[in-house]
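Consider the two complexes below, in which chain A is the common component and chain B and chain C are the respective partners.
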Partner chain A sequence: MRLPPFQFLEPTNVEEALSMMNARKETLKIMAGGTDLLNRMRFRLIEPAFVMNIGKLRDVDGIDIGENETVIGTNTKLKDIARSPLINNKFRAIAEAAFEAASPAVTNMATIGGNILQDTRCLYYNQSGMVLNGLERCHKRGGTICLAVKGGKRCFSVCQSDMAPALIAFDAKCVLQKKGSTRTVALTELFTGNGVTPFAIGADELLTKIIIPQPKNGVGSAYRKLRLRGSVDYPLASAAAFVSVTKDGEVNACRVVLGSAGASPRVIDGRSCETHLESIAQKAYDSAEGIDNLQMPGAYRRKMAGVLAKRAIKAAMDRLKEGM
Partner chain B sequence: MEKFSYIGKDMKRIDTASKSTGEALFAADLALPRMLVGKILRSPHAHARIVAIDASRAEKLPGVKAVLTARDTCGDKWGVFKYTQDQQFLPTEKVRYVGEEVAAVAAVDEDTALEALSLIDVAYEPLPAVFTIEDALSPGAPQLHDVYPNNINIHVHINVGDVEKGFAGSHLVREDTFAAPEDSYFQGEPYAVAAQFDHAGNLEIWMPNAGPHLKSKPLSNVLKIPLNKVRVRKITIGGAFGGRSEISPADVICAFLAKKTQRPVKIVYTREENTVCTRQAHSMIARIKTGVDREGRVVARDITCHMDGGAYSSTGPIATSVPFLCMEQAYRMENVRYNGYRVLTNKPIRGMFRTHGRAFACGVDIQLDRLGEALGIDPLTMRLRNARQTGDTTPTKSYVASCGLTETIEKTAKRSRWAEKFGKLPPYHGIGIGCNSVQTGFPMGIRGGSQAFIKLNEDGGVTVITGIVDNGQGNDHMIVQIAAEELGLTPDDIQLITADTEVTPSDPGSYSMCETFIGGNAVRLAAQDVKKKLFRIVAEEFGVGEEDLSAKNRKIFVTKNPEQSISITKAVRMALTRNESISGEGSYWPNVDWKREWVKNPYGQLSETFSFGTVICEVKVDPETGQVEVLEVTASQDVGYALNPKVIEGQFEGGVAMGGQGGMLTEYLQWHEGRVLTPTQLGYLVPLAIDMPKINDIIVETIDPKGPYGAKEAGMSVAMSAAQAYCGAISNAVGIYFHEYPITPDKILKAIEEKKKGDRKE
Partner chain C sequence: MSEMKKTAITLNVNNETHDIIAYPNKTLLEALRDDLRLTGTKESCGEGVCGSCTVLLDGAPVRSCLTLAVAVQGKKITTIEGLRVGEKLHPVQEAFVNHHAIQCGFCSPGMILTAYALLKENPTPTETEIRRAISGNICRCTGYAKIVEAIKSLAEEGK
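Let's turn to the complex of A and B:
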């Protein structure tokens, strides 16, 4: 289906982009790779007056690995992250998430910023008019009901970002800029947990950079994703694991971050049970929302959150031991 | 000298270059001068009375050239059979599924057309709807059509031998129920149709089709113009799989819009429309009761099958019969009863499908495995003991002229090392086998046969004119191969005019796997007719008998003395100067029982020949996630004779992808009150290249006595038996027999958990 009409804007630097956003606020939508936005526009789920392509902003593209932190520009393609030897070496879960996010055709276009800020998804929302016409409006479409959960008082749409769980596992921060000011927040703070408005970001704010602190001493990480096919698909459940040790080899951080488990990534502190995989699995299961609003029953997906959490931690521990 | 120059050889298909470069044009690619965009307004209700349609606001929108409602199509109804004419091209009284056509517009561009649709006001009175077979059959259920009481659309009853006596005399009897939901065809090419009228009232129309003549007749009926004014044109087609065989309301709507506007109109379906508003495959519940003797031979079988047909009849009588027919062909059974019911629900319309009836076919095979297990007989032996043989007659009285089923079972077992693996694999590894058989044509009434013409050029090149249609499987290449072989020409010398109702003669269409057998035979006969005429001229010139001549490498020569030869070009020129006709004609009318009828008389020769296939699949199951890794698939089929082995291998592998990998593991539709929630590529998970396992292809040749060069059909019985083999392999890996398909990871995990808890014992 064709896109609805819109005015196309294409700034060449961040300052220009921020001015455009400041002037147009909610009427403007940002397009990075376009792999999320354009599909929603085709479905007429959103019909923005302005679409601002940030693909020409060279100042926020690329990976900069420093001594204390690594900075990834918002425009960096998932393909470049997946292929980066340094990311693979230091932040394995992040490289895995980028590689597994979609098919090569998509990861060639999709960006890290776009992947983090992709809208939450639901079988009862991400549809064309052919499916939605005649259905009562749900919370996410401005209504008061949930079609996935009978009597649901809120929206249960799901954050299916692959990058967010992996980045959060590494305690990443992000830089948000708007005309005249800049703020840096933990990536977790970007997520509201509300399916209708899943991001705590102003209409005039641009996500420009992702900052990953350099972990001290030994680190192991892994990303595990469940989908029915070997490529293309969004995660039905996913888990990113991060384990770090002190100089003496004592575990000082152990985190699992679940994707596709609710409207925001779910962070589980695994330190108290780092050696007992089954309790990590149980924590993940308890934390995940299992709603029948994606492919496969919600109860199954919830169970898989536990399995993936366990597998991700195990892989991270194994890598830690191997010195990866 | 080799027997054949082209037949039986691996050849690059003639359409390879045009398809791989993008030169090939599909219906959606067509651009005609002054062409308008057509769009269809569809029902948002699963079941509703149409109270009023007001299109006046749409008609006034600048850029809108025509609005079409049921007033224009006069409420005319379509049905494949006289007794199933129940679908109006645009409904006058009721809509019966979400997505049904209600009105249409033609406008200068897509944006205008979409806006116009939003300006058509339809007042509906929603009616209670039914979405499952059980609900549709329950007392007091909402009725879809007055003419089908209790929502039973079709009932096929077959009764052969003495079933009760057979069960009484059986050593072991089992009764099981199997179920599978509807599946989607998911052709690569979404449906599209373009049409234009000239001032003489001739319609030209392009659309993907499984037989242009199957389209032209209903168009002629509804437009009330003679057949010679309906020109269904040839166009590249991106897959059919059984789903492009009938007239579509879009064809009629597009033609009416073109007539109303006197401009070309094109309607291109979205992916969602293709999934919902063309055809889907039937969902099915099959109850199968089988009795076997001590050696595992089937003594009696009683089957009751309910199929969800959706809102209208479509190919109902055929669809209700075929699952049974495939199985009665594949396995011997003497005492058998079949009751097939096609039930109407407020869901999209269901038609024939490449792997139609998987609940039935998988059920028969799983039940054979279970009976075998109880008797201590391995699945392979169970198949061999029940396999159909050459010279048999099926329960419904079809003579089987050639059958290589046993050979496919034995060769597949050997290649997949069945004996080393069955019962000896590590935990959560499994191996399974499936066998199936399909027809090469049915009694199809007046269009049951095919005719072909061949015209020669003065340089010896030819044009073959035939109604055969290529849906993507390679039929065009098949025609070229046969013509080149018979005439002693090269493929480059052959031009095709095919699948165009203005020019090409009658043909059944690429339907029921009959094009090679029926159309191919007609082409071969036409080529032989040309050859005979050329040989007569050359024989006279050389002073030899016509029977002493051969044709090869663009030459006609004396078989025993190839030095004595003449170029075909010269022979043609001689014929022209002597005023001798050298055009060729051929026609083939299959030897089937024309009195056989799906419902009234389901007995007699169904098809002139049948193909037989076996697939063995080996899998590994992840016991924590229930995900299946397919390690290896071996696919084998009795194809009669392989005209182009490479194409056949492609068909086998496509069959495994569709029937097994997709059909059994990942492809299914999710629903909400008659609405498909997974109509796109992100929802309906067709396997990707990366998902496909290693596939071994084994071609078995039985040289059918009547097929062209002995050929039958290529790949269908692999597509069907792949589903059965996957099902058997997963059941074998988990140690639980699966009765509900597809076998998704959640079902597998549930079975594993229940088995651990001891709730389920197998």
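Let's turn to the complex of A and C:
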């Protein structure tokens, strides 16, 4: 299927990109790796007047590991994150999420910023025009019904980012820039929880950096994911776990972040007592939305949210013991 | 609908420079097949899943169906046609032939380029590394065993 028509823009630095965005607002879509955007355009889910390729913005590419925080540029390829020895060593769940996101040829193209800001998906929305023409307009297509949940008053489309849960597990922040101003917000604040408009980001704002604070003392982390085919598919359920200990080796934080459990990642925050696996699994199950709108039944995906939470915590604890 | 203008696009494909005039919505896959007549690169799923359209961009395998031609100017593109050495097949191609790693042949260009990129980066990959590297290249004849054998034979030879 051919792509719809558009005008192509290719800024060479952030300032230029921000000016282009400021002038064109909603009519412009940003292309990072293009692996998600081009498919949506091909299906005519979006038909932007302008496509701005940010692939040439070298000033927001790369991993900078500092003493107090690690900064990852929005253009950094998932492959580079998955392969970075330092990310693997310090932020294992993040490296695992990047590795698991897609097959090698896709992670060679896809970027961290693009992965975080990819639109939510639903079986009743991510279809070609031929299929959609035979369906009533749902919330996400400007209608008033939900095709996945009978009588659904809102959109139940699902966050498909692998990177967001892993980054949120580490309490990551992100830098949003627009012409004349910059703001830094917690990554969790970037998600609205609303499937129709899943991101709290202005049309003229560019996500430029992701900042991961350096955890104090010992930390263990892991990312686990359910999908149809081991190498190429979007997550059907996923869990990133983060466990940290005090100087004395006592667990003082235990966090699980669920992906594919709703329109935004779901955070389950706990303290030492909640390292009890079953209670976390139950909370994950309770927190996840089990809707029949991805390739596997919602009830199964919901159960797997609990199972994956358990597996991720277990792996994180094991790594903590190994001193990783 | 926005007004779209044709633009001059310069592509470096298999060490040759090609100039085409095309709309910006042309994918690299379309440019290779329709403009440059390099039909070794195949289109199958057309949405980045199957790996048939794999080409190398500065040596790394990418999906040409998810790549805009206009966005890869200045990069080195390698297609299956660029692999042969003179009139001879490249050792990776030969290994695929010798190990009967080709059935219908539709996935072969992408599969061979992926194997080539893997061996270039890691001349002695383990079977796990081979399987991971070709995990995004789908063979619907399911001839994976022979494909892995072919790549392994090169890994053992360190070619």
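Basically, the second predicted complex is superposed on the first by the 320 of 324 C-alpha atoms of A that agree within 3 Å, B and C clash if a C-alpha of one lies under 4 Å from a C-alpha of the other, contacts with A are read in each partner's own complex, and residues count from 1 in each chain.
FYI, contacts are C-beta pairs under 8 Å (C-beta built on N, C-alpha and C of every residue); 3 or more make two chains touch, one makes a residue touch a chain.
Quantities reported herein were computed from a predicted structural model and do not represent experimental measurements.
When both complexes are overlaid on chain A, the residue A:Val232 reaches chain B and chain C alike. Judged by the touch definition given at the top, the superposed model places A:Met1 against both chain B and chain C. Looking at the shared chain after the overlay, A:Tyr285 reaches neither chain B nor chain C. In the superposed model, A:Phe50 makes contact with chain C only, not with chain B. Contact with neither chain B nor chain C is seen for A:Tyr223 once the two complexes are overlaid on the shared chain. In the superposition on chain A, A:Thr35 makes contact with chain C only, while chain B stays out of contact range. Contact with neither chain B nor chain C is seen for A:Phe156 once the two complexes are overlaid on the shared chain.
Once both structures are placed on chain A, chain A residues 1-2, 5, 103, 230-232 are touched by chain B and, in the other complex, by chain C. By the touch criterion given at the top, residues 1-2, 5, 103, 123-124, 127-128, 130-131, 133-135, 147, 226, 228-234, 295-297, 299-300, 303-304, 307 of chain A touch chain B in their complex. In the complex of the two chains, the chain B residues touching chain A come out as 42, 44-45, 98-99, 110-111, 270, 272-273, 276, 624-627, 665-666, 670, 672, 675-679, 682-683, 685, 687-688, 690-691, 744-746, 749.
Residues 1-8, 10, 27, 31, 33-35, 38-39, 42, 47-51, 53, 55, 79, 102-106, 108-109, 230-232 of chain A are the ones that touch chain C when the two sit in their complex. Chain C contributes residues 1-5, 7, 23-27, 30, 46-49, 51, 54, 57, 60-63, 65-68, 70-71, 114, 132-133, 135-138 to its touches with chain A in the complex.
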